[in-house]
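Below, each structure is written out as structure tokens.
Presented sequentially are two complexes of subunit A, the first with subunit B as partner and the second with subunit C.
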Partner chain A sequence: MTELLLFNVTNGLIIGAFYVLMALGLSLILNLSGVINFAHGGFLALGGYIAFTMQPFIGFWGALLLAPVLVAVLGLLLERTMIRRLYGRDPLYSLLLTFGLAFILQDFTRYVWGANGLPFTVPAFLAAPISDQLFFVTWYRLFMVAVVAIAVGGLFLFLRYTRTGVRIRAGTLDLETVSVLGVNVGGLRAYNFALGIFLAGLAGVLASGQLSLVPNMGDSLLMPSFVAIIVGGVGSLPGTLLGGLLIGLASGLVTLFWPSAADAVIYVIMAIVLLLRPRGLLGEEGMLG
Partner chain B sequence: MKGPRLPSRRSLIKGSAAIGAIGALQLASPFIISARGEVPLRIGMIDPLSGSYAAVARSEVEGAKLGVAEVNAKGGILGRQVELLVEDSANDVGTGVQKAHKLFERDHVDVLFGDVNSAIALALAQVSSAAGKLHIVTGGHTDGITGKDCHWNVFRVCNTTYMDADAVTQVLVDKLGKKWFFLTPDYAYGHTLQAAFVKLLTKLGGTYEAALAPIGTNDYSAYLIKARASGAKVLIDLMGGGDQVVSIKQFTQFGLNKQMALGGALFELESIQALPANARTGWWTMEWYWNQPGVPHVAEFVANIRKGTGKTASARHWFGYVAVRSVQLAAERAKSVDGVKMARAMEGMTLPPDVALMPGTFGYRAGDHQLMSSVMVGEARNPPPGDNPDDLFKVTALVPGEKAALPVDESGCTLRYPA
Partner chain C sequence: MAPAARMRLLKLAVIWVVLLTAPYWSAPIGGYPALCSRVVILGMAAMAFNLLLGFTGIMSFGHAAFFGLGAYGAGLALKFATSSTILAIIAGVLLGTIAGALLGALVVRRRGVYFAMVTIAFGQIFYFIAFRWNTLTGGDDGLRGFARQPVGIGRWLLDIQHNDILFYDFVLVVLAVVAGLMGLLLQSPFGRTLLAIRENERRARFLGIAVDLHIWLAFVASCLFVACAGALYACLNNFADPTLFNYNMSGTIVIMAVLGGFRAFWGPMLGAAVFVVMQDYLSSMMQNWMWAVGLIFMAVVLFFPRGILGVLRRRASA
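Right after this comes the complex of A and B.
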């Protein structure tokens, strides 16, 4: 039993790490631009499909690097042409827009690549367990955790030590002042949006390695990522990190005892957090309030 | 329906869309309307075109479209052209029921098809029987549809879960042993399928443990951890559609394929195609397979599906096709498209070889309206180089439907026709 418990704790943290990657992208966009990006799952699937298409030519590693970049470029294009117009309005507008975009992206993917799942393969040495005992920890999953760690570390360093990063953080707290200080807020938001979509694309390529590559693959990953943000606290990236790991762990553990509640438990956690600490575990008071 | 109705704008648009789709299939010779002024016969088809079962649902629709194109090219049904109105149930019972009401009340369809999802199929059956229309369940497998929840107007093309389990259990025990672990989807289909297997396995002296996983689960490690801890020798993966793909992909990545055998009931062509080469393994059932050398009309059907869709025909294409052709046969026998008359005509009706597309003579059983097609048992495989890349299954045995199905008196079905 102790062994099973330990297994599931480890496993839950691995799942959580993946939610973190997706939630961080969402969180970046939400914090700076106030856009609740429902199309995130669509960008995620697109990342997987583009990687699948490029893989025969540039290999897994090339696809892992290039596919998220292409998805980010598309994200940038959509931000410049559509989403940008809704900044400063009621969040409901951008929510409706991205909700529609989510359907369009999904149907576009289905139109181009078909509804049937595609066999995305990862290099053989990654698709193997690290040991017979810890069979559920494959090199691929470790690699995924490593990519998440690098992405998270890189993001935090970027936000802390680069001029653009500092501006994004400042903008999260007080966009008007940043704007008054002469920063090009429009450019900053576009840059930030593309960065968030890049993370979605990256998550998509990684997810394709162990899920079925289907047009709606992002659907079931999107809600847990929103929950991670709310639990961790809107406005706080470390909070998003904590929230993602927490719900991954919780759903991993609950699956062991009561599988049919594995999905529900993350919403229960969200409800409890909202009741006892509405701003989230590490959230700023009054964000989106 | 009384007298001819003028088509509404909506049905005009739908009709032209259907015609466009048929044109895209490039099957019909120039579209000839044989009886001008006749109201077309409308078939409503509800399937989960989005969600976990999107791939198989689309195959069913493609099969039905081929059937409609062929029927229309030969003058339609009783001189009336056939229109197929397709609706997405989104894999949700409420949405499916709402679409059924729309099809009956607004579009006035004469026949209903669907749904892949067993729970939705059961709910649709209530709506269709109340509407008094013929309903063919193309691809929902749970026993109840032609068992304890059967209706006078409901016929089913795909197998019952019991038929699939019965056909394959002995093979699984012979090949893989008697200590099983079930990975079962937590809804109607999974429940009845597992119950059938358990009944058959315990009769053979086998033992089992099981885990129920919700539909749409992304991470199966917790279940697979349990499966390995149970010490079972076989994983019986009963998940459907995309869920089965994800679970088998993870089973293989965890290296469990080196410690446990793999098998189950359905492993559909669409699912095998979606898996990487090293995960295409195990003993399963197919309800229809495209590579049947020497069986009349099969090659022609496969070629037509490929021409229209670019895909290799799967069992789901066959389901959709059989459903349309069954309506044609029933209407011609009944000389009417009235629900009750067609249902009576379909009872005991055998399918001609160009519809059956597999060896043997079979039809819809009178007592429960279940199609008694043979179950194909075999092994998933990677085709040797040079073979068709979609030849992913080797059929080793053909179990007649009558042998695999529960007898009518044990199925729990009592048919009550409206007075």
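Right after this comes the complex of A and C.
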């Protein structure tokens, strides 16, 4: 029983770590640009597939670093050419645009790499279990959690101590004032968008070592990421972090006791949070209504 | 009669003549009664959704939930409880409306993107319920084993079960009721208040209007009519599956409204006609057609943000 419990807790934390990476990227874009990026899951899958293709040439570590960068460049291009046009308009339009983009990205990956799952091999020492007792925890799982922790830590340090990071945070609170102070807001938003997509790509590479690579692999992560943002509080990145871990853990634990409800429990949590604390756990009143 | 009123009556007459004769004039160009029914049903859903987007200024992205609940409600009623198509539709409507009232109360204070995001997320809960509750809903395989039944009116029995054109006419009768009710609602002081909220929520609040209550009522009304469309959809296909609840379905409802023109009452119906016919054509042409649907989404946003009727109106006034 203890082992089973431990197994589900680690599972929950790992899935929570994915939610966190996805949701932080979504949150960054949502906070600064007011865009709900429906195509985030598509970028995630693309990151995994690009890593898969590059791995024979530059190895696992090279792919882990380079694939998210390439996906971020693609995100930057799309932001500059299309999403940028929609910033001043009703958020309805950016939602519909990224919705369509999600379809296109998914069919594109299906067209290039096929609909069947592809194996993504991780280095042998990562694929091994930690010990005989903890046979269900491979080093890769620990490694994933570590990478996510580094990425999240890096993001928070970046937002706190670099000039661009401070500007992104300031822009989240009051974009107009930031613009009046002479900051190139368009560039800031583009940069921020690419950063969010980078996180999605990174999540994609990590996920493809754990799950199998399929074109719609991002779909099952997208909705929980929305829930993580809402539970944590829209506008708050620490809230998103907390929300992601919380719902990951909750679905892990519920899997143990009532497997068929594992998918639904996160929505129940969301309903409770909205009922008791409409702004979300760490959200501030007034952010985005 | 004032010229404007006469014009409106004329437009309405044209719309209904086109709708009533659709199975006949569309046949030579590849249409068939079931496709016509699908257009009208999805158009009804988009029009009902548009009560919120077009006439209250609220962006709900989770209407698939209520569409699906209407479908499952009607399907389950036909399967287990009743042999009356009309009672089954009422059951579906009730299920969708109750869920809409409950969820609406949770989301009603949110606005803008936040409202959209919360409604998207909540929509998924029903997807998982339909997916997992195998014994009741048939899970991933969908709900089968029910069929719409002939409807009796007085001494006549309309065999909508086997005659697709009769079923289409039945759908049109329901559409007439739904559109009539929605029209009355929008003409009423309540509907005018919704327009005031859309135009300037803060000012409406200053006037002493209970904004949240009005938005909640509009949400519930919208869910009611969407659920009605969903119930008809289950009757059309004699089948309902979890994808009805998926957020892709919600996106489809939104894009139909925007494509047709969400500032016009009948715009979503036009959008549904264009979208459904294009989708039907694309899916018969190729195996992977989602990218083309994605292109439609993007083209609408980038080039026709006001929809077909919006473009026509601007032409007319220019």
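A few notes on this one:
Keep in mind that, in the parts below, the second predicted complex is superposed on the first by the 285 of 289 C-alpha atoms of A that agree within 3 Å, B and C clash if a C-alpha of one lies under 4 Å from a C-alpha of the other, contacts with A are read in each partner's own complex, and residues count from 1 in each chain.
The criterion applied here is as follows: contacts are C-beta pairs under 8 Å (C-beta built on N, C-alpha and C of every residue); 3 or more make two chains touch, one makes a residue touch a chain.
On a predicted model such as this, the values are computed, not experimentally measured, just so you know.
Look at A:Tyr49: by the touch rule set out above, it reaches neither subunit B nor subunit C.
Of the two partner chains placed around the shared chain by superposition, subunit C is the only one that A:Ala271 touches, whereas subunit B remains out of contact. In the overlay built on the shared chain, the residue A:Phe198 is in contact with neither subunit B nor subunit C.
Of the two partner chains placed around the shared chain by superposition, neither subunit B nor subunit C is touched by A:Trp113.
Touch criterion met: A:Leu30 reaches subunit C, while subunit B stays clear of it. Residue contacts after overlaying the shared chain place A:Thr255 against subunit B, while subunit C stays out of touching range. Using the contact criterion defined above for the overlaid structures, shared-chain residue A:Pro129 touches subunit B, although it does not reach subunit C. Within the superposed three-chain model, A:Tyr19 lies out of touch with both subunit B and subunit C [touch as defined at top].
Look at A:Asn8: by the touch rule set out above, it reaches subunit B but stays clear of subunit C.
Contacts of subunit A with subunit B, set against its contacts with subunit C after fitting on chain A, overlap at residues 106, 110, 260, 263. Residues of subunit A that touch subunit B in their complex: 3-4, 7-8, 11, 14-15, 106, 110, 114-121, 127-129, 132, 135-136, 138, 140, 210-216, 220-221, 252, 255-256, 259-260, 262-263. Residues 53, 59, 61, 106-107, 109-118, 120-122, 124-125, 128-129, 131-133, 247, 251, 254-255, 258, 288, 290-291, 293-298, 300-302, 305 of subunit C are the ones touching subunit A in the complex.
The part of subunit A that touches subunit C in the complex is made up of residues 30, 34-36, 38, 82, 85-86, 89-97, 99-104, 106-108, 110-111, 223, 226-227, 229-230, 234, 260-261, 263-264, 267-268, 270-271, 274-275, 278, 288-289. Across the complex, subunit B meets subunit A through its residues 49-51, 54-55, 57-58, 186, 211-214, 216-219, 221-226, 228-229, 242, 245-246, 249-250, 252-256, 270-271, 273-278.
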